[in-house]
Amino acid sequence: MDATLRFLRRNGAVLVLLVILAAVSTAAPGILRWRAINSLLQDNAPMLILIVGATLPILLGCLDLSIAAMASLAAVSAALLSPVLGSASVPVVVGGAAALGGLQGWLIGRLQVPSFVISLGALGIFKGVAMYLTGANMVGITPGIWIYDLLGSRSFGMSNSFLLVLIVAGLFAAMLKFTNLGRNIYAFGANEIAVYISGVRRDMVRSFAFATSAGCAALGGIMMISQTMFASATVAGSLLLPALVGVVVGGTAISGGVGGVLSSLIGGLIAILIRVGVTISGLPPESQDVAFGITILIAVALTTDRAKIGVVK
Amino acid sequence: MMMNKLSAIGLAALLASSTVAVAQDDTSKKLYLGVGNTSAEYWTQMIWGATQVMESVGGTVEVIGNDFDPQKSLQNIGAITAPGCEGCIFTWFPDSPAFTKTFVEKIADAGGFITTLWNRAEEIHPWDTAAEAWVANISFDGVDAGYQNGMALCNAMGGTGEIVVLQGVLDNAPAKQRTMGLEKAIAECPGMTVLEMQVGSWQQAPAQDITRTWLTKYGDRIKGIVGQNDAMALGAVAALREAGLAGKVFVTGTDGSSDVVKLIETGEMLSTMSGLNEYQGAIAAALAYGARTGDIKLSDLTEAQRDFFVQQILITKENATEFLARKPDPKDYTYEAIKADFWAKSAGQIPNGVN
Amino acid sequence: MSKLLQSQGPLLALLGLVLLFSVITDSFASWGNLGAVLEAAAIPAVVAIGLTFVLMQASIDLSVEGVASLANIILAITIANSVTATDIGLWAVPLVLGVGLAIGATSGAISIYVRMPSLIVTLGMWLTTVGLAALLYPGRLPQILDTRITGLAIGKVWGLSWIVYLTLALIIMALLVEKHTRFGRMCRAIGENEPVLVMSGIKVIRHKIAAFALAGGCYAAAGILMGARIGVGNTQSGVGLLFPSIAACVLGGTLLSGGHGGVRQSMIGVLILVTLRNGLIMVGVDPLLQSALEGAVIILAVAGSTWHLRRKIRVIK
Amino acid sequence: MTAFSLEGISKRFGEVTALDNVSLSLNEGEVLGLIGQNGSGKSTIMKVMAGLHRPDSGVVKVGGRAVQLRSPAEAALAGIGLVHQEQSLIQALSVAENLFLDKPAGSTWAGVYRWNSLRDRAKAQLDKVELDIDPFTPVSALSFGQRQMVELAKVLSLEELVHGHLVILFDEPTAVLNPPEIQALFGQIRRIKHRSSVVFVSHRMDEILDISDRVYVMSDGRNVATRDRDAVNPDELYELMVGRQRVNRKDRKPREAHIGAEPALTLNHVTVPGEIEDISLKLAPGEILGLIGVQGSGAETILRTVFGMADDWQGKIEYFGAPLDIDTPAQAVAKGIGYLPAERKTEGMIRNTSVSENVAITYGWQHGRGAGLISRAKERGMIEGWVRKLAIKTPSIAHRIDNLSGGNQQKVVLSKWLFGKTLKVLMLDHPTRGLDPGARSDLFAVIRELADQGLAILLVGDTLDEVLTLSDSIIVMKDGRVSARIEGVQAAPPSEEDLVKAMV
């Protein structure tokens, strides 16, 4: 019995995912078709990769509010650079984004300004720069660049964008579990000062976490334009809250030290399915937001492992 | 943990009960209508028009509010098409022109038909992108709105005067079109000069704060204020009232909302551009439905029939009272009535370079 | 001097901004513009008051925009208006405030009793209240016809609307609550060390729920003032209040980690942000770049005003 | 006359029995000294008395009547107050507010403070402990000693609140106090005896013997002996407590130090503004250098400066002959310097994390597969080795560190430094603070062994005895400066009186 309980607690998010999947597929059996699942995953791949990236700063107990603005900036930059650089625009943009993210992380330590403020400021800066670069116009992607075509298409019957999400999430999960850096990230979230006194390079850990979240955000922006073929300065601007919701629904604690990339991925899938369920429920549009909000709250209540969280703030 | 289990069951029940309610009605008679939100005058009028058409053929409209969030739009379209949606019909407001292509292609993949409102990227058109599914794109002429309001302002000021402009969200097509139209008016009316443009984000309160600041910065140099929509124009009027300048500085808007038309009646505002909002909803629904039933053969349509503006009227003091009194007659909005001449109220093909 | 810097960094940042804009523009330093700044600061200030009590306790409340919009709609449809027949007169004001209090208290209670972080509870509450506002929207934009409400924005004393004076009165009340009541004193203490207070038999749960309720009440008040200002009930009226308000609190020194700051500090933060927006318009900065400049100033102002607090063993989250 | 009693109290936490059928009675006007190892249940018994824990079975009686103590507030109403081991004051509040924080009548009217009344009442309490400060001073502005006195005053305000007899519980109150402050505290305890009974917990036998009328010994959740002071035989008590004789300086052979010729660490005229001034010292491999001084004398600052944690410092530090040019602990660790902080809970242990992660955090990578990959399997064996060697009491190394007793937590934190292969200098800041005698002697042995292996050790000691026992040389600190240097401690130990004279 104890073992069952422990299993339930550890895998709360997976169970919630299955329960919701069961509920949604009862109402609309078509959702279980491979094609439907694939299409949902492809649509939401940009959001999922943002969720994966956003997890690392949250594991530190930080918050990166600039991810959606970074995704837009990256989409715009990639679109502007693609005529010149072709496929190389993707590594250049992702690398540049990671560098900017790393700079954010480094500034948090250097200026000793909370991540909430730094990334809120960065949000404004990225948005402004994206506006300025485009003159508030849309930028189209030159067709025929293989990397965008690749991201927009499928292999093994599965969306390449979503496969990329899985690969990135897998890499990060392995990094968190098997490397010294991963150990340091969890410990940092649990007690920053003790970790500092243990000789861990605090600025480096923080820079890394923010570099990954910015790099993932840039990938998300690029995945998005591989679908839309157009970029604008606000193209991904609305992804911030869904991304944070996904992380939290997965059971990663805002206070840091608890959770993981795969949990967040599951959290993202839960949020997507709830949205699907609410939309096909036939509820009037005015009540859909209410239903979504309440269902998300219940899901979080179920997936949060309270045993590991001290004072709830 | 017991509580956890109970609430898991509750959650399942909640979702199941709400989703089981989905009736699998005849897809040809149900219009999925994607809107910005349901709580603004333009949207309710547009929804009304679409609903009249669908009800006249015994169909229904399912309204989906996306809160101007393209991601939510994408998820909603995904949710509708994922379980299978052969022959579904859609009228959708793409919240950002960047997403129009994705939306129409998704619906094409699912085997549905779609008409879009307002937003498309410059490079894509219904006849060259998912042409078998994207029936038409229907908008209002933002350049014309900007131009006519600008000329009204020019005339009211007697040809000379300094003005300020409250812009919408910068990367929205209507904001850019209305600015282009204003520039066209200025070219014809060189005495009218722009002191400054600021972004009011389509909202009343920020527009009011900006206008208040302008009034202290420029004082009585400001002779006219262009609000690129009615909400921002209302903000400008509120700031003018505070300064005791309401009615003394000319204000223009766009949308034709009844509040603004009333202000035009009383002289506190100069003009606003009103589209035939109910008609836009009706024609969009009718075209999608027509394509689905085969009343319209897409391959036979001209470009001007698939990408066009709906007529609009400039409301000034002369026609304000009449405009307020008008009441759309449901008889004019049946499918049969619209079908008689789908393009009766078209204002022509959307030219290049305005999106 | 260094003492002054330490305690009054944000205030000095504000004065610096004022000085800067006064020197580089002609029109910034005028009574008229001071009025413009105060008018623009009033509603964000009311929101920031509520947020401050929550932030001091090291919780956070994201439901600002939803609650303010909902309050605005409820006010518009229950008072004399152009759409619904309901008119309960000024009773609408306590009704709306009561709704705000109740929503806040609900958020707080869920967070405490279900043991969920306030960030996620209030995020859910945000979505829920936005939906409720849309549900209550009566189909057409309701114009507020009761002049006792709209008069708050139009009636002027010494060049300032009643909205500003009401806000000032609220600030004074909030300061009194913060400094002289057990609840107010406990807010910062809860943020600093909640377990000790629990052990001391302080009714921490009650104080926490009270802070969320007070915050909800403040957002509702902001929704009412917004109704006075725009004269209509609009489901979008609260949009854009959240992040500037939180940024303002943080700019003023009310840290998200709790235990610091207060109403006075947050008000200075609001003024910094509003002055910046006003000044950028006065300078005539390209609208394309405005958000970038605002972002940079937020970072620099917080960095500058907390520079003296830099310690190697400080926890920065 | 019995003022307070516990009868047959048992308390379990999950699988662990913390108290097993414990009885205790406290006479009026009596000071009961409570001793026991860490984890022996003495903290739990205090918490039961203070209303922080509710017993699973047994009866609590106050003045002969059975009562239920559901919260500290109810305990306070029954006249029971706890002076906390850890600082329990809220820094954001004033002294006056803190004093009445846990009292039902808080000088408020309808939730609004009546400041004048509060000030007068606070002043009266502060006078009792002879603390002359403005009651509205924020606690953040007080020194540690002052804070401890405020803690005491907070409990003593029960005198006005409750008419009957008081029971005052002291949970290791002397841990952060210097000798004069301890004497002042004892003065207070003697003063309040006329209307209170006192339970006093300390690790220091001399203190227990100094202040107690009776000694109550706990071991493994049971009461193993109660002795009147006059009948106390310290060695017997130790034996009861720890089952072994006291590690006594007289019995111990002086350590044969093999001190290297070249210094590992040299400080030349190091100054940290406002904390230490012009400190010079040399530390060689194999040497244990003890630093001692009262709270705030700057001994800790020296360690933190060497470890790269000072925000601002001047002077020169050399490390094996080369200038030590570092700015962060990470750089210090990379060079082979380790530091065990005094503040275990906030700076030492990584809470909510397992024992093994706490041990492996610093040097785990050295036992990994390279390229930043760690090997948990390889670590496990080594960590289990250290757990055995340091006799850390933990169900497994996957157990959360929070659930261990203080002494075991400290051993875990220490083992993270012993886990690596590159450590050359180890700095220990109050390593035995809060440890029971058994754990202390374990730790002493480890420290000595480390020095014998060639590690250079800089030690800030908790007690004179500790520094005298371990050190090869001693530096006494006073007000941020060196006030005495003693070489060859093992051969010719200085008298404790001399050291104290140099300290104060």
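By written order: A, B, C and D. Residues from 1 in each chain.
In the analysis below, a contact is a pair of C-beta atoms (placed from the backbone, for glycine too) under 8 Å apart; a residue touches a chain by one contact, two chains touch by 3 or more.
If you want to know which protein each chain is, UniProt gives these names: C = ABC transporter permease; D = ATP-binding cassette domain-containing protein.
Nothing here was measured: the structure is a model prediction, and the numbers come from that model.
Participant: With a step meaning a move to a chain it touches, how many steps does the shortest path from subunit A to subunit C (ABC transporter permease) take?
Facilitator: 1
Participant: Would you pick out the chains that touch subunit A and also touch subunit B?
Facilitator: Touches both subunit A and subunit B: C.
Participant: Among the chains, which has its CA centre at the largest distance from subunit A's?
Facilitator: So the chain farthest away from subunit A turns out to be D.
Participant: Comparing the two chain pairs, does A-D have more C-beta contacts than C-D, or is it the other way round?
Facilitator: More contacting C-beta pairs are found at A-D.
Participant: How big is the gap, in whole Å, between where the Cα atoms of subunit B centre and where those of subunit D centre?
Facilitator: 70
Participant: Determine the centre-to-centre distance between subunit A and subunit D, using the mean Cα coordinates as centres, and give it in whole Å.
Facilitator: Subunit A and subunit D have C-alpha centres separated by 44 Å.
Participant: Could you state the distance in Å from the CA-based centre of subunit B to that of subunit C (ABC transporter permease)?
Facilitator: That pair's centroid distance is 32 Å.
Participant: Pull out every residue in subunit D that's touching 2 or more other chains.
Facilitator: Only 309, 328, 347 qualify.
Participant: Specify, in ascending order, the residues of subunit C (ABC transporter permease) that touch 2 or more different other chains.
Facilitator: In subunit C (ABC transporter permease), 130, 134, 137, 288, 290, 310-313 touch at least two other chains.
Participant: Would you give the residues of subunit B that are in contact with at least 2 other chains, written as numbers and ranges?
Facilitator: Residues 38-39, 65, 67, 170.
Participant: What chain pairs are in touch here?
Facilitator: A-B, A-C, A-D, B-C, C-D
Participant: Report the residues of subunit C (ABC transporter permease) in contact with subunit B in the complex, numbered from low to high.
Facilitator: Touching subunit B: residues 25, 27, 30, 32-33, 35-36, 39-40, 43, 130, 133-134, 137, 139-141, 143, 153-154, 156, 161, 226, 229-232, 234-237, 239-240, 277-278, 281-282, 284, 287-288, 290 of subunit C (ABC transporter permease).
Participant: What part of subunit A is in contact with subunit C (ABC transporter permease) in the complex they form?
Facilitator: That would be residues 60-62, 65, 107-109, 111-118, 120-129, 131-132, 135-136, 192-193, 196-197, 241, 244-245, 248, 253-256, 285-294, 296-297, 300-301, 304, 306, 309, 311-313 of subunit A.
Participant: Which residues, counting only subunit C (ABC transporter permease), touch subunit A once they are in their complex?
Facilitator: Touch residues, subunit C (ABC transporter permease) against subunit A: 57-60, 110-112, 114-121, 123-128, 130-132, 134-135, 137, 194-195, 243, 246-247, 250-251, 255-258, 286, 288-299, 302-303, 306-307, 309-317.
Participant: Can you check the complex and tell me which residues of subunit B touch subunit C (ABC transporter permease)?
Facilitator: Within the complex, subunit B touches subunit C (ABC transporter permease) at residues 37-41, 44, 65, 67, 167, 170, 196-199, 201, 203-206, 208-210, 212-218, 231, 234-235, 238, 241-242, 257-259.
Participant: Help me check something: in the complex, which residues belonging to subunit D touch subunit C (ABC transporter permease)?
Facilitator: Touch residues, subunit D against subunit C (ABC transporter permease): 52, 71-73, 76, 88-93, 97, 101-102, 104, 106, 108, 111-113, 115, 308-311, 328, 347.
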